[in-house]
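In the part that follows, the structures are each spelled out as structure tokens.
Next come two complexes built around chain A: one with chain B, the other with chain C.
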Partner chain A sequence: MKFRAKIVDAACLNQFTRVSNMIAKLAKTCTLRISPNKLNFILSDKLASGGVSMWCELEQENFFSEFQMEGVSAENNEIYLELTSENLSRALKTTQNARSLKIKLTNKHFPCLTISVELQLSVSSSSRIVTHDIPITIIPRRLWKDLREPSVPDSDVSIYLPVLKTMRSVVEKMKNISNHLIIEANLNGDLNLKIETELVCITTHFKDLGNPPLASENTSQNRNPEEMAEVHIDIKKLLQFLAGQQVNPTKAICNIVNNRIVHFDLLHEDVSLQYFIPALS
Partner chain B sequence: MPLLTQQIQDENENSLVASLDNVRNLSTILKAIHFKDFATCFATKNGIKVTVENAKCVQANAFIQAEIFQEFVVQEESVTFRINLTVLLDCLSIFGSSPMPGTLTALRMCYQGYGHPLMLFLEEGGVVTVCKINTQEPEETLDFDFCSTNVINKIILQSEGLREAFSELDMTSEVLQITMSPNKPYFRLSTFGNAGSSHLDYPKDSDLMEAFHCNQTQVNRYKISLLKPSTKALVLSCKVSIRTDNRGFLSLQYMIRNEDGQICFVEYYCCPDEEVPES
Partner chain C sequence: MKCLVTGGNVKVLGKAVHSLSRIGDELYLEPLEDGLSLRTVNSSRSAYACFLFAPLFFQQYQAATPGQDLLRCKILMKSFLSVFRSLAMLEKTVEKCCISLNDRSSRLVVQLHCKYGVRKTHNLSFQDCESLQAVFDPSLCPHVLRAPARILGEAILPFPPTLAEVTLGIGRGRRVILRSYLEEEADSTVKAMVTEMSIGEEDFQQLQAPEGVAITFCLKEFRGLLSFAESAHLPLSIHFDAPGRPAIFTIEDSLLDGHFVLATLSEPNLHSQDLGSPELHRPVPQLQAPSTSHLDDFASDDIDSYMIAMETTAGSEGPRALPSISLSPGPASEEEDEAEPSTVPGTPPPKKFRSLFFGSILAPVHSPQGPNPVLAEDSDGEG
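The block that comes next holds the complex of A and B.
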């Protein structure tokens, strides 16, 4: 098993740091999957801890100037490792003004992801290297099957998301009042966020958001455009997802499977993020 | 738009309808008295008074005059209800507590009357939030019987003069002692905490002192835990009037200028903690 990669471009470095910050906000520990063409940050919570799952994908060639890897075997040319996401984002904190970043799989008494940041010193042309060893656990082959890319369910309603910042402040306030929230949408471009408690009912209506064309042939094509599909979810999980979004994505879609799951599909330039929140039982 | 038509139909049935172009002209004032969850609202054709009380010893009132609203209609002589202020404030700031400059949240508030919820319609950038807040049986509020004819001492200060003093009050002291006198030390704030006593004197001719009318030396103590919440009003205000009456009751009136330059008032009443022999 081998992995080493290098980023030299400042914009790529910035973007990579942003991704790792976002991951740190979304998941405490996550799985990093390394394959010849892609990097994936994966979260798949057990149902007991909320059942949220995340699938974040980066095309390696959009970020790395050098990328070498050798998986567990020739047929299974992949590496799965588990790490504490904050360790990665903390290690990348020093990358503003960095000349380059090297990531390497090492074994220093225990398996590590070694991050070396080459810092540019402003005064001279000399540089300094800061190295972080992030402890990791290699995930054995037999557990890989639990970490497959989640299949996107056939949704009842698919809708473009509004400005995430507005959505975030609404959900933040709603969280002060209620533990769960109803997210509902229809094929007429309407999306509502609702909470209902003994004290108060609050509904925020977003209009004219537009619905992306449906990918699959299914019953929703005959669906009444006014009819809402809804999911009751844990408000904290939704807020966690929204709080992780620092920049507005180029594309943001919400897919709802009535009373089952809500699936968010975001695209930030070179990074795609899928986030699944199951319905509360 | 079923939402809007419903709104118009209900118009005549409402005992209170109020609209505001900038919701913060209301929420800011309410934050100044938010030290308990529940508040009582009284609306008359002159405006809305919101009252919060604690321990039967302190009362805070916020006045939002009818002129602050772009539309203000009260069908009955007076409309009274009790409401959860924490929830109301969360609703009013649903689009964010510090929105981006240039974006205003508009508010329309309707109340059909006894037993009905308070309805809020908030709009920012085309997004509409509808809140239905349940109201409760109004409770009798305290009458402090604070009458200007019984006022012994009165001082008007620029708020910045008190701001630091109040935000750094020694909370290990149980009381805040206020001395007002025609003679030295004129106006003194004292605390008696674990680390010792502290006295803060304001000279009568200080630039911060806008008015000084003290007729008689009064030394009164107030529970510091009851007065501390008034700091919320103090930080928002530009001027504060401090008055005590013949029974040692304290009245603090705060003048607050909103984002449109209009003036609103918030007042705190507090009863004295104990009698202190005059020195």
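The block that comes next holds the complex of A and C.
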């Protein structure tokens, strides 16, 4: 099992740092899946801790100038490892002014993902190297099955999301009043964020958001466009997701399965992020 | 005693108080003929700091009123710091600062003369005290590093603010290595991230230490002195000896000098083993192991041996927590001394910072017998 990769391009490095920051906001610990073409950051929470799952995918060649890996075996050419995502984002914080970044799997005092950054400092011509050894746990093959890409359920309603920053500021305020939020949408481009307590009901309406064409293939074909599909979710989980999005994505879709799950599907230039929040029972 | 500080020097004085406040809770203020000295020591007496401002630093400096003895006093750091709390305010509004100490009032009076004729007077109560003096001599330390404060400041930037101690040493190719020091916790399965900064020799103005030497000291106090040195654009010298001996951090210019004496961690294993010992993979952070890897031996270390251990457990069913347990022998299996760190439970090496000195020069009995500047034997009976 081997892995080493290198980033030299400053833009790629920035983007990779941004991804790691986003992951750190979304999950305390996450699984990193390394395969010959892709890197995935995976979170699959147990139901007891909220059942949120995340699947973030980046194409290796969009980031790395050099990428070598050797998985568990030829037919299972993958590596799964678990790490504290804050460690990764902290390690990558030092990459401003970096000349290059190397990532490799090592076994120093314990198994590590070693991030080594060669710094380029303005004044001195000398090289400075920062190395971070992030402790990891290798995930054995029999547990891989828990970490597969989540299948996207057939949604009742699929809708484009409004500007995430706006949504975030709305949800942030709602969080002060209620722990639960109802997210509902229809095929007419309407999305509502709703909280209900004994004292007050608040709804924020978003209009004319548009619905992606894909959704119409399934059951939703016969659906009344005005009819809402809704999910009750933990407002903190939603806020966590929204807080992690610092840059507005190029594409942002919300899929709702009535009373079961809400699925967010975001696409940033080179990175796709899927985030699943289950309905509260 | 009476002194007058003007212009930019007020801020310099304020900065010095800020960095002293990182160490002790009490400030010893002692007017001497060769300048005003501000000193402090931390509660465990493992760190001592002293600034001496030469008479030229002041517009007016009078160590003692004619006909009177030199006075010295001890005040609460908190109350003195509050006078200089806002450095931006000192810079913008304070034109001069007058510090006076006299017997009759039993007050240390600090007056800030601000713009528009505003005058702030702080009357601080003080205690009489003996002189606080650590016994140390940088010239007795065999190893010296000197670099602009900015270089060292940038070097500690990647370390998290929560990190308590850092190991400084000389690695392969005479590169200076700074590395997070983590205490080995026998029962801890959660490992912390280890960060290492490696700086080329060319960034140092002086590097007089052989490869393989290393000391471990507290980062907090070091940060304090560094921030002062950075603002004053002064180079910082680090004088050190074997682990366990105090390290002396100094800055000097014609108007002031600063000395911070910090205890270093006494790590008997480290010193004897870090030079060419084969036991490179001991869990004690060492310089040798990491410093071999930062040079481009990218593919040389892999985790094949680790993998073997994992695959043998792959068939068995078990709870999710199993991997970390079943894997722990893996990395060690390539080492002869594998069992040593993991099978001696409950005996994490205690921290061995030595107390550096006693507070008073009036107790010459405690002066060092030999060249060893450690005055006090360890009080915790480390054996």
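As a convention for this text, the second predicted complex is superposed on the first by the 278 of 281 C-alpha atoms of A that agree within 3 Å, B and C clash if a C-alpha of one lies under 4 Å from a C-alpha of the other, contacts with A are read in each partner's own complex, and residues count from 1 in each chain.
Criterion: a residue touches a chain if its C-beta (ideal position, glycine included) is under 8 Å from a C-beta of that chain, and two chains touch if they have at least 3 such contacts.
The model shown is predicted, which means the values in this text are computed figures rather than measured ones.
Enquirer: In the overlay, answer first, second, both or neither for which of chain B and chain C A:200 touches.
Expert: Once the two structures are laid over each other on A, A:200 reaches chain B alone.
Enquirer: With both complexes overlaid on chain A, does A:223 touch chain B (first), chain C (second), both or neither?
Expert: Once the two structures are laid over each other on A, A:223 reaches no partner at all.
Enquirer: According to the stated criteria, A:25 is in contact with first (chain B), second (chain C), both, or neither; which is it?
Expert: A:25: touches no partner chain.
Enquirer: Of chain B and chain C, which one touches more residues of chain A?
Expert: Partner touching more chain A residues in the overlay: C.
Enquirer: Counting only touches as set out at the top, which of chain B and chain C does A:176 meet: first, second, both, neither?
Expert: first
Enquirer: Is A:232 contacted by the first partner chain B, the second partner chain C, both or neither?
Expert: It touches nothing on chain B or chain C.
Enquirer: Of the two partner chains, chain B (first) and chain C (second), which one does A:162 touch, if any: first, second, both, or neither?
Expert: After superposing on A, A:162 lies in contact with chain B but is clear of chain C.
Enquirer: For A:109, decide between first (touching chain B), second (touching chain C), both and neither.
Expert: In the superposition, A:109 contacts chain C only.
Enquirer: Mind sorting out which residues of chain A both chain B and chain C touch, each in its own complex?
Expert: Correct list for chain A: none, the interfaces share no residue.
Enquirer: In the complex formed with chain B, which residues of chain A make contact?
Expert: It is residues 162, 166, 169-170, 173-174, 176-177, 198-208 of chain A that touch chain B.
Enquirer: Where on chain C does chain A make contact in their complex?
Expert: 151, 154-155, 157-158, 160, 190-200, 202-203, 281-283, 285, 289-290, 293-294, 298-299, 301-307, 310-311, 313-315, 317, 320, 323-324, 327, 330-331
Enquirer: So in the complex, which bits of chain A are touching chain C?
Expert: Within the complex, chain A touches chain C at residues 1-2, 4, 68, 72, 84, 87, 90-91, 93-94, 102, 104-112, 114, 116, 121, 124-135, 137-143.
Enquirer: For chain B, which residues are in contact with chain A within the complex?
Expert: Going by the criterion above, the answer is residues 3, 84, 86-87, 90-91, 93-96, 124-134.
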